[in-house]
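The same subunit A turns up in both complexes below, where it pairs with subunit B and then with subunit C.
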Partner chain A sequence: MPPEASCYSRARGTEVLLYLLPSLVFLAVFTYWPIVRAVATSLLEWNISHPQPRFAGLRNYIVLAADPVFHLVMRNTLLLALVAIPLSIALALLFAVLLHEPLGSLRPVYRAAVFYPTMVPMAAAAMLWVWLFNPSIGLVNYYLGRLGIPRVEWLYDMTWALPAVMISWIWKNVGYLAILYLAGLQAIPRDLLEAASVEGAGFWQRLRHVTLPLLGPTTVFVVAVSVINSFQIFDAVHIMTQGGPADRTNVVIYYLYQQAFRFWDIGVASALTVLFVVGLLSVIAAVVRQMERRVFYEV
Partner chain B sequence: MRVRLEGVVKRFGATTALAGVSQEIREGELFTLLGPSGCGKTTTLRILAGFVDPDEGEVYFDDVPVRGVPPAERGVGIVFQNYALWPHMTVFDNVAYGLRLRRMPTAEVRRRVEQVLEQVGLLGLEDRTPGQLSGGQQQRVAVARALVLNPRLLLLDEPLSSLDAKVRARLRSEIRRLQQELRITTVYVTHDQEEAMVISDRIAVMRDGRVAQVGTPVELYERPADLFVADFVGTNNLLPGTVTGLRDGWAELATPAGVVRGRAARPLQSGGRAVLAVRPEALRISDGTPADVGVPGRVALSQYLGSLVRYEVEVEGGRVLLVDVHNPKGQIVLRPGQRTTVSFDPEAALVFPEEAP
Partner chain C sequence: MPSVPAVFERNLRALLRRRAQTLLMHVTVGGLSVLWLVPYLWAVAASLKARTEIFTATPQWFPSAWQWSNYLDVFRYAPFGLYLFNTVVVVLGILLVQLVTVTVAGFAFARLEFRWRDILFYLFIVQMMLPIHAVIVPNYLTIKSLGLLNTRLAMMIVFWASGYGTFLMRQAFRQVPRELEEAALLDGCSRLRMLWSVMVPQVRPTLVAFSLISVVTHWNDFLWPLIVTDTQDVRTLTIGLAMFVQQESGADWTLLMAATVVVTAPLLVAFLLFQRQFVESFMYAGLR
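Showing the complex of A and B:
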């Protein structure tokens, strides 16, 4: 490299750093430093029995590894992701395809109906679902009863509490995902679909052979966003079940909150935080890498 | 296959895209719809393809009405303006798609895809994706995909508009050659009059949802039916003026540049406004002795192109006339600023009534 060029690029480097400085400062103060602190705190024994923090090595991680509630919490979190995400993606895609079809004057009404749950605050939505799932006066049981299905205790039932939370989560998230898919659909040139219909492809064949493959990039984004959202579910759990019955709806974030502010075990809560961040990042990285290998980006 | 449109009308909201088009397209001919954007040529093509049905009128394929027949059952192949290749499929899969939908045996699919890829000169690129091809190659894939199902009617919607000039010239000859080899009835949409002239058996010049004139390239060039066609097809010098004399099919016109004479292409009224149209190659230029019969002017620009010299001559009233002098070898080339006289054989000039703007 000629000397002038290296001089120039060094000057550029300083300039670039200057532009980045404000956001770097904020990230450092509010993101990187707390992560470092969390990692450090997770190595301390610091709880009600030991109000004075002291170094304990990996003790908190060992405690968690042996904790049956933690296992249940992990199971619930993964189950929520594995069941609710595919369901909400399928529903979002369906709604988006319907929204994309010419619906005439019904369209704005329908669009509002699909998107409106996204705009309701989760806490309010959760209250709504508490009433809907109420065993004696809730609408869910009322309609199931009309169909001859026996009463379910829903939020108080060991089996049905988690599905109930999932339903409310899906209801809340589908609209947002549908809008993302609708944007993806609108970006597909009409020609590509018309070309397929000239070749003899019907609606389903066009959907499978042209639309879905071209929605690949949207789907990667939708999956990533959904994984993050599902891992972060908190307010619905807090309002609908408080993790109960018997931790059947307890999830990682909620358990973390309980450890820190109910049981006052800051060390274990910090260990949970570290596990949560590492876990979420690796899941996202794995999902995105897996999917991107099969996705076509240039259109 | 023969195609017939009868009184086809198509409206989109308040705009009328087609205002009653009746036209027959003959077996095996390459028929071009030529016109500026918004003239209804693409709408006509989409009606033939079956993407939209006409509001009024009917389309016949070999005397069978096709209203309501979906695109796939019409036996048409289409080349879209931006090729519309599926970006996630290889060249082979793009071309094979229609065959596979028809559940053709794998060996037969391969045979037919390879045959058509050979016809368009793409054999060996089967495994590429469209993103790895040049514009010209993508265009060939689009043609191959349109031909592989042996369509009765081939529709091309501005197929060369996004290619550079050299590739465009080569591909249009190839499309023409293929079309003549296969004797397939073809409708070609373009706004490029030169492309239309080179490639077509017959051309329909369209304007505002109507067909202004139908004819062979020679007919359109030499005997345009109206001022619009005269101006749109090829280059024409237009001199507006007032009709001062009419006799035996000849018209005399008083223009700011001087008095000129030509054949009356349409009925004219004495004293009415009219426009004289004359091609650049029909004009002669002399070194400007005032005794000459013709329009006096001043050379504004002279471009020496080897086989011809193109002059821009400014005449009285501010109009600029294009004059092409072919085989200029040995002749004196006039320089900008020189006085000159432009003359022409009245036989080569056409006079049209002026159209309301």
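Showing the complex of A and C:
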């Protein structure tokens, strides 16, 4: 290391502290302390019937394990992720690939049309879809009726409420994912695609053998972002269904909210928090590891 | 050797095929665009109709008489002006502090050497994956014991450290040539002074991108403000909308849609005016 380099880069402890302390204080108080506190609180019985918290061991976890609503909540959360994420990624990829083509002066219009839901709060987006899914005067049922499909009760239907929530979520999120893919596409060197063209590769062949493999790293990021987003769905459920009918759209954060702020069971809510944090981090770790392995093999 | 007409025909075919392919692309992406626009436009249409006019057998895209008064009614029935004010205060209050915290922390991680640097940086990264929604219950208890329930400060303070912002700034500062910094330090600048007058101007695009993303994110926040507020005077737009929905549950759709448009309009107008800037910021910040 050259002497002058060490002179400017080796900082005194107090100076480093000056730069990091503002962030570290808030990280400690609102990110890391809450995790510790959730673990501690999850071991307490602390609810309406026991307003004075007392140690209860693993009681709250046992309560959850035996709770049929919790099982339904897990099912709904996973189902939502497994259906809505692949669908939104496919749509985002389609949009991005098309928007990357030279489409002339209409291109910014198309781009705005798909991206604008990113600016719409999920709570407001949910309102738009409540109106669209209205069973008697909603636009969705009207056009389905024109296609000869019988009326669906959507948000009041045990089967169709969750798909309705998924649709609103996909509508809101695809634009953002498409923009991420568009950024990935723009990073692919033009001459690589041109070389493929010269070799006689058509649009589909270029897409399959050049573009998609090179978008691997973007996809890892897109999947991670989508998993984080989908596990946190709350606003749409709160506005559209309140978890109903019969908990068919109840998802993990909504159930957490109900336990804490409707039923005032802080102990069970804390146990849910712990399970959620562990679940989220391990799913993200698994996704990233799995996808990175595949990305490197395929390229 | 092929005859002249044969060559001509082959070129013509290739041209036609390319044209057909372009047309197909326009039809696909155009159709999807319309599909994506319909939900919002349909809400705008409803917001301008008379109460009775929404119950038509076939959908009417244009009202027979434009009911601008629906918008006045929305502001009369709920204090959306106050909600807007609160939202702006909260969003800017979050952003201004974040800009300071992420700049200094990003700089330290990019340019200084110190013990436990990697471990500390890891603490910032994990926060990106552990959003506030994961730990609302313990945070609610903390805010409660700090006596901050039902304040605007409560809605801001939990977001004042940003692992994501710190990460972005670290990347940006790493791109700045070291010579700039050395020259300033040789001139006798203090490091903090150098950071402000030499480094910050170099990373302005990243600061703009982060700012836009922060504003959009917190403008759209819902769960946290919902939990820590319980009176009208501190509520933000999204919470105001949810309360309005409950209050108007007699389902006057024209008013509900007008309220939805009111809540979404400020950011959408900003987006339409600065589309390029918004799109580029979201692209850039996703790229890493």
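FYI, the second predicted complex is superposed on the first by the 274 of 299 C-alpha atoms of A that agree within 3 Å, B and C clash if a C-alpha of one lies under 4 Å from a C-alpha of the other, contacts with A are read in each partner's own complex, and residues count from 1 in each chain.
Heads up, the rule we're going with is that contacts are C-beta pairs under 8 Å (C-beta built on N, C-alpha and C of every residue); 3 or more make two chains touch, one makes a residue touch a chain.
On a predicted model such as this, the values are computed, not experimentally measured, just so you know.
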**Prompt:** Which touches a greater number of subunit A residues, subunit B or subunit C?
**Reply:** C
**Request:** Please indicate which partner A:58 is in contact with in the superposed arrangement: first for subunit B, second for subunit C, both, or neither.
**Result:** neither
**Message:** Touch test for A:213: subunit B only (first), subunit C only (second), both, or neither?
**Reply:** first
**Request:** Kindly classify A:286 by the partners it touches after superposition: subunit B alone (first), subunit C alone (second), both, or neither?
**Result:** neither
**Request:** State whether A:270 touches subunit B only (first), subunit C only (second), both chains, or neither.
**Result:** second
**Prompt:** First (subunit B), second (subunit C), both or neither: which does A:192 touch?
**Reply:** first
**Asked** Counting only touches as set out at the top, which of subunit B and subunit C does A:82 meet: first, second, both, neither?
**Response** neither
**Prompt:** Of all residues in subunit A, which touch subunit C in the complex?
**Reply:** 4, 8-11, 13, 15-16, 18-20, 22-27, 29-35, 37-38, 41, 91, 94-95, 98-99, 101, 103, 106, 108-125, 127-129, 131-132, 134, 137, 139, 142, 171, 174-176, 179-180, 182-184, 186-187, 203, 221, 224, 228, 232, 234-235, 238-239, 253, 256-257, 260-261, 266, 269-270, 273, 276-277, 280-281, 284
**For the subunit A and subunit B complex, residues of the former touching the latter** = 189, 191-192, 194-201, 205, 209-210, 213-214, 216, 296, 298-299
**Message:** List the residues on subunit B that touch subunit A in their complex, please.
**Reply:** 49, 51, 70-72, 76-78, 80-82, 84-88, 97-98, 101-102, 131, 145, 149
**Footprint of subunit A on subunit C - complex, ascending** = 21-22, 25-26, 28-30, 32-34, 36-40, 42-43, 46, 54-55, 58-59, 100-102, 104-105, 107-108, 111-114, 120, 123-124, 126-127, 129-142, 157-158, 160-163, 166, 181-182, 185, 191-192, 216, 219-223, 226-227, 237-238, 241-242, 245, 253, 256-257, 260, 263-264, 267-268, 270-272, 275, 278-279, 282-284, 286-288
